Each structure stands twice: as C-alpha cells, then as structure tokens.
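Reading through the structure tokens given below for one structure.
Should a chain be cited, it is by its letter among A, B, C and D, assigned in written order, with residues numbered from 1 in that chain.
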Amino acid sequence: MSKEGTAKNADLKKNRARMLISCPDQPGIVAAVSRFLHEHGANIVQSDQYTMDPEGGMFFIRIEFDLNELSRRLETLELDFEEVVARKFQMDWSISKAAEKKKLAVFVSKEDHCLLELLWQWQAGDLDAEIAMVVSNHPDLRDRVEPFGIPYHHIPVTADTKREAEEKQLELISGQADTIILARYMQIISPQFIEHYHNRIINIHHSFLPAFVGGKPYAQAYQRGVKLIGATAHYVTQELDGGPIIEQDVQRVSHRDNVENLKRIGRHIERIVLARAVSWHVEDRILTHHNKTVVFN
Amino acid sequence: MSKEGTAKNADLKKNRARMLISCPDQPGIVAAVSRFLHEHGANIVQSDQYTMDPEGGMFFIRIEFDLNELSRRLETLELDFEEVVARKFQMDWSISKAAEKKKLAVFVSKEDHCLLELLWQWQAGDLDAEIAMVVSNHPDLRDRVEPFGIPYHHIPVTADTKREAEEKQLELISGQADTIILARYMQIISPQFIEHYHNRIINIHHSFLPAFVGGKPYAQAYQRGVKLIGATAHYVTQELDGGPIIEQDVQRVSHRDNVENLKRIGRHIERIVLARAVSWHVEDRILTHHNKTVVFN
Amino acid sequence: MSKEGTAKNADLKKNRARMLISCPDQPGIVAAVSRFLHEHGANIVQSDQYTMDPEGGMFFIRIEFDLNELSRRLETLELDFEEVVARKFQMDWSISKAAEKKKLAVFVSKEDHCLLELLWQWQAGDLDAEIAMVVSNHPDLRDRVEPFGIPYHHIPVTADTKREAEEKQLELISGQADTIILARYMQIISPQFIEHYHNRIINIHHSFLPAFVGGKPYAQAYQRGVKLIGATAHYVTQELDGGPIIEQDVQRVSHRDNVENLKRIGRHIERIVLARAVSWHVEDRILTHHNKTVVFN
Amino acid sequence: MSKEGTAKNADLKKNRARMLISCPDQPGIVAAVSRFLHEHGANIVQSDQYTMDPEGGMFFIRIEFDLNELSRRLETLELDFEEVVARKFQMDWSISKAAEKKKLAVFVSKEDHCLLELLWQWQAGDLDAEIAMVVSNHPDLRDRVEPFGIPYHHIPVTADTKREAEEKQLELISGQADTIILARYMQIISPQFIEHYHNRIINIHHSFLPAFVGGKPYAQAYQRGVKLIGATAHYVTQELDGGPIIEQDVQRVSHRDNVENLKRIGRHIERIVLARAVSWHVEDRILTHHNKTVVFN
C-alpha cells in the first residue's frame, strides 16, 4: 500500500517478497511456514491470516518477508518450500517479488473515466504497477492514452470477428501483461479467453440496492428513487458479473439527482472502486476460494 | 428534526404548521402560495422545493410556517387555500400541525432490534411521535415493550386466520394510530389492508449489492464475499418490497465476517435506516410521486 | 450539478438564471420575490430556502429560474428587482446566468493532486467552469498543465518579492478570472489580495480529529493512531485557515498506514473535497453569513 | 466479534483463547510462537500481525487458538510460554479465555445515551461482556439502569470529596470489574486512579475538524458551519483526552442543523463509536504502544 518512490524505499523493497497460501485448515500450518522461513533466513515483516470456518475449513495466509539476496535465493527457497511444507499441507501457494511490478493491460471501449483514474494514479506513483498497454475495440481514446507514453491498440470487435479479435488480443498481451483490467470494456469476454487469465481479469460495474433487472438501470434507479449508487469490482468468471467480489462502495444521492447526475456519480464511484481493487491485486493482497475473495488490506 | 423538550420549544411549536404540496408544474405556483400565506398572516420559516423535470413535470414543495393562534385559524385557512390556490393548480396538498404528533402502531414478529431502536429514540425525545401500540403475531416481545408503558397486542396470524387477524388489527389501530411501522413484521400485508394506509406503512428490509435472489440471502452474500451490507426503508405498496424508497444505507463488512456477523451488522444498519425513515415521515418531510419519494431532510 | 454537453442542455441553459439572496428575516420575503419573478415572466424551476434562527435571524434563498430571452431582459429585471423588492427587504443579492461559466485561476506550488483533479473533472465535463489559467510560484507543474491547453504562469515568490508577486498575479487575473482556487498553494495570501476576492478564494487543507498543533501533523496523527484523515475546503479570510467551511470529508485509516500512506490518503481526500467545493461555488450554490456557509446542494 | 448465544457457540468457545503479544521486532518471533503453540496441541484459528517500521521497530500479534481442556491446561501453558518463548524475545504478553467475559463498570453522570447503547447491545447479546455495575456521581439514571438487573451506585463527587469518592469507587470495583467505561462521566479521573486501570479505562468525547478550543464547541462548530460531527474513543491517560485513540467516526451535518441538532447527532455518533471501542476491547483486539493503538478488528 505504500508509495514507492524514493531510493530508500526501492532499496528496502528489493529483498521483499509476498507469499500467498491457501490450503485445508489443520493444526501446525503457521508453525511449519514460519519455521521454514526463519530457518531460511527470511524475516517476516507482515502477516495476515484467516481461517474460514474453524472445523474442516480453509486456511489463508499472506506473508511479506525480507530475504537477503532475494533474487539469487528465491528459486531454491521455492523448491524447498514445495518439498518441505507445501506438499504436506496440500497448499495452493505463490511467492512474488515486491520489486517486480505487475503488468497491466487495460481494456476500454469509449468511456474514459476508469481508464484515466488508473493512468493518473499510476502517474502519481500511487499504483504500484506497470501499465503495459491499453487495448480498445474503438479508436476514440487514443489521444487520451498516448501522451502518457503507453501504447494504444485498436482491435475492432464485431459479432463475426470476435474470435479473431480475442486471438489478436491474447497475442498482444502474451508476455507483455499478466493482468487484464476491464475499465468499462463493453464486450463480453469468451470462456476460452477467461481461462487464460483465471482470477487475473478484473471488471467494474455499477451496482444498486436493490438490483434492477433489464435495461437502463439508472433510469430505473431514478424512478424508484434510490438513495445510494454503488459499484462492484470483481474477478471475471464465466458467469456474467458473477465472479468473486473484490471491492464495493456507494455514494449517496437524492431525489434532486436526475438520470444524468446519477450516471455521473456512478462514474465517480466506479473509478474509485476499480482503482482500489487493482491496487490490492497488484500488491498481492487478494486470495480467492470458490466464488469469494479474502482481501488482506 | 429538532428535539422538542423544553417549554420554549413547545411554545414555538404550538403555532408551527407544515404544508406539503404536489402538483403539475407551471409558472406562478410559488408566487401564489407564498402570497396566500403572507396575506393570511403566516410567516414562512422554512421552505424546500423541487421540480421534477422542468418541462411538463411535477412540482413539490414543503413549507413550514408560523401562524398566530394556529389552532383557531387553521380550518379557515385550509378552506380558503383550497378555494383560492389549490384548485387552480390541481394541487394535492395537506397541512399538519407540528404540535400534533403522529401516532405510530409498530408491527413486530420475534426480532426486536428495529422495535427497540424506535422505543429508545422515542424515550430519548429524538423521535417526534407517539408510539400508540405494538402489534405482534407472536407473544415474545411483550416483556420488552410493556416497561415503556406502551400497550402490546398479540394477534396470532395463520394462513387460515389472516383475514380475521387483519380485521382485528385494523379495528385496534382505527383512531389510535395514523402510521404503521413494520419493524421486522414477517407477514405479508394484504392489498386491502395496504389501501387503508396508503403511503403510511413503512417497511424495512436488508439489501445487498447485487441483490440475491432466493432464500438465505446472508449465506449467499457470504459466499459471494460482498463488502457491503445494506438496508432499505420504503413505503409498502402491493408490489412486495417494491414501494417508494425512503432511505438506504450500508455498512462495510469483510471476509472475516461470518454469516452470523453479517446478520448482526444487517440488524444494526436496519435499525438506523428505519429510525431515519420514520423520523422523516413523522416530521412530514416526505412526498411521493408514482413510485418515488421526494425527501426534504 | 448536471453535466452540460448536449445541444439540448445548452439550449435549456441559455435562459436559466440563478439568484442568491440573503437578508434579515421578516414575513413576506418569499411572497414578494416569487410574485416579482412571476409577474416578470420568470418560471422558478428550483428553490432552496433556509432561515437561520426564526426570530430575528437571517433569511437565505437560492432560486433557479428560466426567463425567455434572458440575455436581453436581465438588466431590466435587475434594475426593477432592486427597486421593487431588494431595497425594501435590505437584501444582499445577485443573479448570474447559468450559461456564463465562472472563470478560475488555479494557484499551485509543487504538489499536483488537487490541480489535476480539477483539470480532469473539467476535461470530463463534470466541472461547469472555465479554467482560465494556472499560476504557480514554481515552474515544476508546467508540463502537466500545458497539454490541457491552459496557460501556466510562473511567478516566483520570496519574502522580499511577495508584494510585487501579488501585484503581478492580480494583474494577470484581472478580467480573466473571477475565482481563485488555492490547490495546495503554499504561500500565505496577503489581506490586501484577499480583499479583492472576498469569498471568491477557495483553499483546501488537511484536517484531523483532533487537530494537531505544531509541525508535521501527519507524523503526529500517526503517533496518536488516528483512525480518520480528513480535509476541509473553505473560503479564505484574513484568519489563517479560519474562513467559512464549504465542505469536509474524511477517509478511514488504520494502524497499518504509515506516515507515507497517511499522506497519500490525505491527498486523495483533499482532491475530492476541493473538487466538490469548487463545483458548488461555480454553480452558485453557496451563500455566506459571517463565518458560516449555507450550501444548497 | 461473533455473537455468542447458542449452545454450539458456547461449546466452541469453551476451549478458545486469545493471545496478545508486543515485543521488539526480530527474526523468528512468529516461528517460535507458532511452533510453541503447535507443540502444545493448540490450533491457531486466527492470527493478525503487524510490524511497526520493519527495522528496529515493534512487533504485535494477536492469536486466537483452540486448546482441548483449556481451563485445566492454561496455567502450565502460560508458565512454559514465559520460559520457552517470552523471555527470549522480551515479550509483553497475555492470554485470556474467550469464555471468560470481561466485567465492565460503566461510569455516567446525567446523560444516558452512551450508557443505554451499551445496555442495549449487552441485552441483545451483541456485546460480549458482563456489565457488573453502573457508577454515577448523580442519582438521575438509576431508574434507567435497574430494570436491566444491574446495580447502580450513586457516589456524589465534589471538589472536596473527590479523593474519598475515588476511593469508594475503587473499593466497589475491586474484584468486580476489570474495565471502566466512561460513558459521558463528567469528572476528571485522578492520576492515582488511572494508574490502577492502565489501558483499561475507555473514554468517549465529541470531535470536530478542526478542533474548537474553549467552551461550547457545538456552538462554535455551528458558527463555523462545520460539515462533519465526530467522536473519539480512547484509553484514558494522564493527558486529558490525549490517550491512545481506539476508534473515531463522523456523521455529516449541514447548515440546516441548529446547535440542538448538532448535539443530538453528536450523541448518536458518540454511542456508536463508544460501543465499537468497548466491543474491541472486550474481545482483546487492541494492543497499545506508547500513545498508539493497534486494533485487530
């Protein structure tokens, strides 16, 4: 969560790693992991843990640790960990280097508010990631993106060309980005595409209490006189807008807000919620289990 | 919104009236109303106005005014207003005396949190209403209510006796209460009953983003990992939980909150939201139009 | 508050005026104003009113009205209003055309977050104003500003040159901007300067509960373990950071947030609060009385 | 944080312990603690950890664990822990049984809102503590308290009798309560008294942004037109209202809220903030270091 700008920070961060583990709960997990790290010379600087339903449930932990000469020693550490600890506890686990920024491909259509919030936060040093590229099914936002020095790829999508378009997108992204942000990208992603980026595609959409079924949700919200406009950021799964929720927030509205205003407020809350979700993702703060996230923020 | 306890306040309030008007918008409404009041010696102390869609839309106004010897002069004022102003502008209007508290019948089942919040706020002088009675389809909460000196009526309801039960309820309420608060009353009110209390029955229910269809919404919310738990207070119409929304709010939750916790937080937000909605209703701050409220708070 | 982009909106807005009035309260004000407007063919589309302390207090009203051929008829209307209504009630009043955007001079030093939020909202059409220029005592932010097509004036300020610098600033602004936004401008404005722009200079600063006296407030807030970081936007008066408050908000923090994080969160809440305050100012939603604002939002 | 009402929960809880540790940070702490617990048959069900400033900083951890036959085995475990782990790492530590509820003495004067919120949450089973007694320097609230079956002790306090009064209070509390809640108790507690209950006296007070120096803060807040009213709950130290902050929150107000309303809203936010702080304290979620809390909630 910290802003990493100064040399001192960069230096601190060089040897910092983040470990995420999920596994069936049983006694001794923390003891085994912490003992392993200690014996390998790693110093735990932060740790968050959560057990979902104590009996027969799942165990989740996020550990930040420092290890001298991390780059040189990480591979060995990982091999050892798999053998000595992970296998025994049937762990699903990963370690990432804090200094290795995640690379984002931001997908957009014509609306720019979510995209711009990410670009601004990135420019201000508040988003600890690289923005590798912007991909759009429309040419409209090129002029907004290129001044930031980020490549803009226009890949048109029609009903007929969807498959080819997705192939082009995958080709572009491959090796260049590890996470995809749908920043108001108004195309449905195919199951094949989603499979490539399991829990690495983040989407944002407006949300209401209650939800409004059918088209023109803002008009419906206005007619019902809702008092809150919300947004939900989630990982994309094959169930449309049904994946694990990462973050949600709302903003208060009143009868004075017409449909245009509700949309404007919706845009505002969308950009805030998406930016938070992306920042937690790139800082390895999110684990998922079934359709639920565990967010250590 | 003010607490009315002291003699000075009571005195101030004695001559205070609240006027609510809705009508099709056209030029000259405010001029006509304010001129009328001025010429009748009334002094406007607060006024809120809203026009829904300037052209061909609806006009809403809430006026608080002081009039010397209000009690004696109100009837004449009302007759004059209907003749001189209201008819011309096709107004739907009402005037109520601030000193005449609304009388509430609170309907409950077994859960006490919403009921108790109302009783507490009433006891603290923060709810400017009388609680005329509590009506329940269960005997359970009698001991919670009677220490407050408020009658508790147990009227059992079964599928077979629903009609008779509602008749008994209506008989009890008639002349004793003008507003009904469903404070977690777990029975569906019949359309016949609702008709008697159009826009004078307030209900509270939990709300989620997104809404969860089907049973056990808290369990579903938990499984989806929602980050906000909300509540909605609305006027009861024949469409189940579909009436005009008066107030909504949310509270933040996390993966750490199990289903029990989510329910506890849900209870907390329900009591806050219901109490606000009731207090706006009893202070004549709410107008309705179709399925939408205009809340001047 | 609405976004004004389409031709239809522009057309609607062409004849829209906003009237602000403060005066000692007495019976008949609303009647007089609304009758005057009605007789001059103006149609009130929105009106907000507030009386501060009914007896012997102050009366405030904001009226939006439409008047055919506003541009041609406004001057006469104003002359008539002064004579027929305003004088009698000792009104402090103004009318502005909704179509005539306020012109802002944004003052900055080296921090860009508040400036950029204004530029972005302006670019998105969410801020209904013109940004006439950016003025800075440092050259640093020129490259951020000029791509928006807005002139950037670097006027260095030292203890010795403060007076001349302010004179240059006044000269630059004169006729070009009617409102000054101190978007983290780290210089104290002289009383002489403030006088020229009474209630037209808006400042933003961080705020804590409780306030921390002395330097390094974020470090103090960290040491005390505060749970909320806030910001306050206010009109600038001769009392440092003591002018009428326009808007405030807070964001939640925890022990996990180090001083750097607290500052980052502070920046975030500052930009939101300032943008709201500016948008209410340019939409003529703010009246002031002594050291207090009345904000009709 | 969970509601403990059902037999199943009680059973689960019987063997649940909560461990709080602070110590200077160094490598191996987590490994040592978790290994110790594992080897003693304890199963960690929740763990939160925080390191204040990685290099040369402080380490904080809260662990919830289950241990069969906890009551019988706890003493041995504690002795062993001190010897095997705590001494080596210079730990400040404690273990408490989840089933052993903290006992509260609630101090009040004449205002009842904070007291009642605690009584209500206790009655609803949402506050996992016993309320052992209410102590007041006034007789006024006796009738509010006794229906809850809780003893009410009236101990008058004057400038002359303050010392004796505190002695009587200490005598009453001794062995009966371990935590003192100042629920709007309008007397300053002496340093001698505070020493007996270090970090076990919780106070609540209103808070503003900015703070207002001098008397009548609500009147000052009104005159300055503040937009937020807040409250702060903190541990009592010898510096008046200067102890470690446990929780803070705010509620939005507007120019329409007169001084009476601001006070009413202040009462509302005070009761919410105090209730949260107390519930975190009784669930052993708070560690302190110098003048700062670490709250694992």
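The rule is simple: a residue touches a chain if its C-beta (ideal position, glycine included) is under 8 Å from a C-beta of that chain, and two chains touch if they have at least 3 such contacts.
What you see is a predicted model; the values in this text were computed from it and never measured.
Between the contact lists of chain A and chain B, the overlap consists of C, D.
Note on interfaces C-D and A-C: more C-beta pairs are in contact across C-D. In summary, the pair chain B and chain D forms a contact in which both copies contribute largely the same residue numbers, shared numbers making up over half of all those used. Taking the mean of C-alpha positions as each chain's centre, the chain lying farthest from the centre of chain C is D. Averaging C-alpha coordinates per chain places the centre of chain A 36 Å away from that of chain C. Look at where the CA atoms of chain C average out and do the same for chain D: the two points lie 42 Å apart. In chain C, the positions touching at least two other chains are 50, 256, 258.
Residues 50, 52-53, 207-211, 222-228, 230, 232, 241, 244-245, 247-250, 254-256, 258, 290-295 of chain C are the ones that touch chain D when the two sit in their complex. Considering their complex, residues 12, 27-31, 34-35, 37-39, 41-51, 54, 66 of chain A touch chain D. Interface residues of chain D facing chain B in the complex, by the touch rule stated above, are 1-3, 112-113, 116, 120, 124, 126, 147, 256-258, 260-261, 264.
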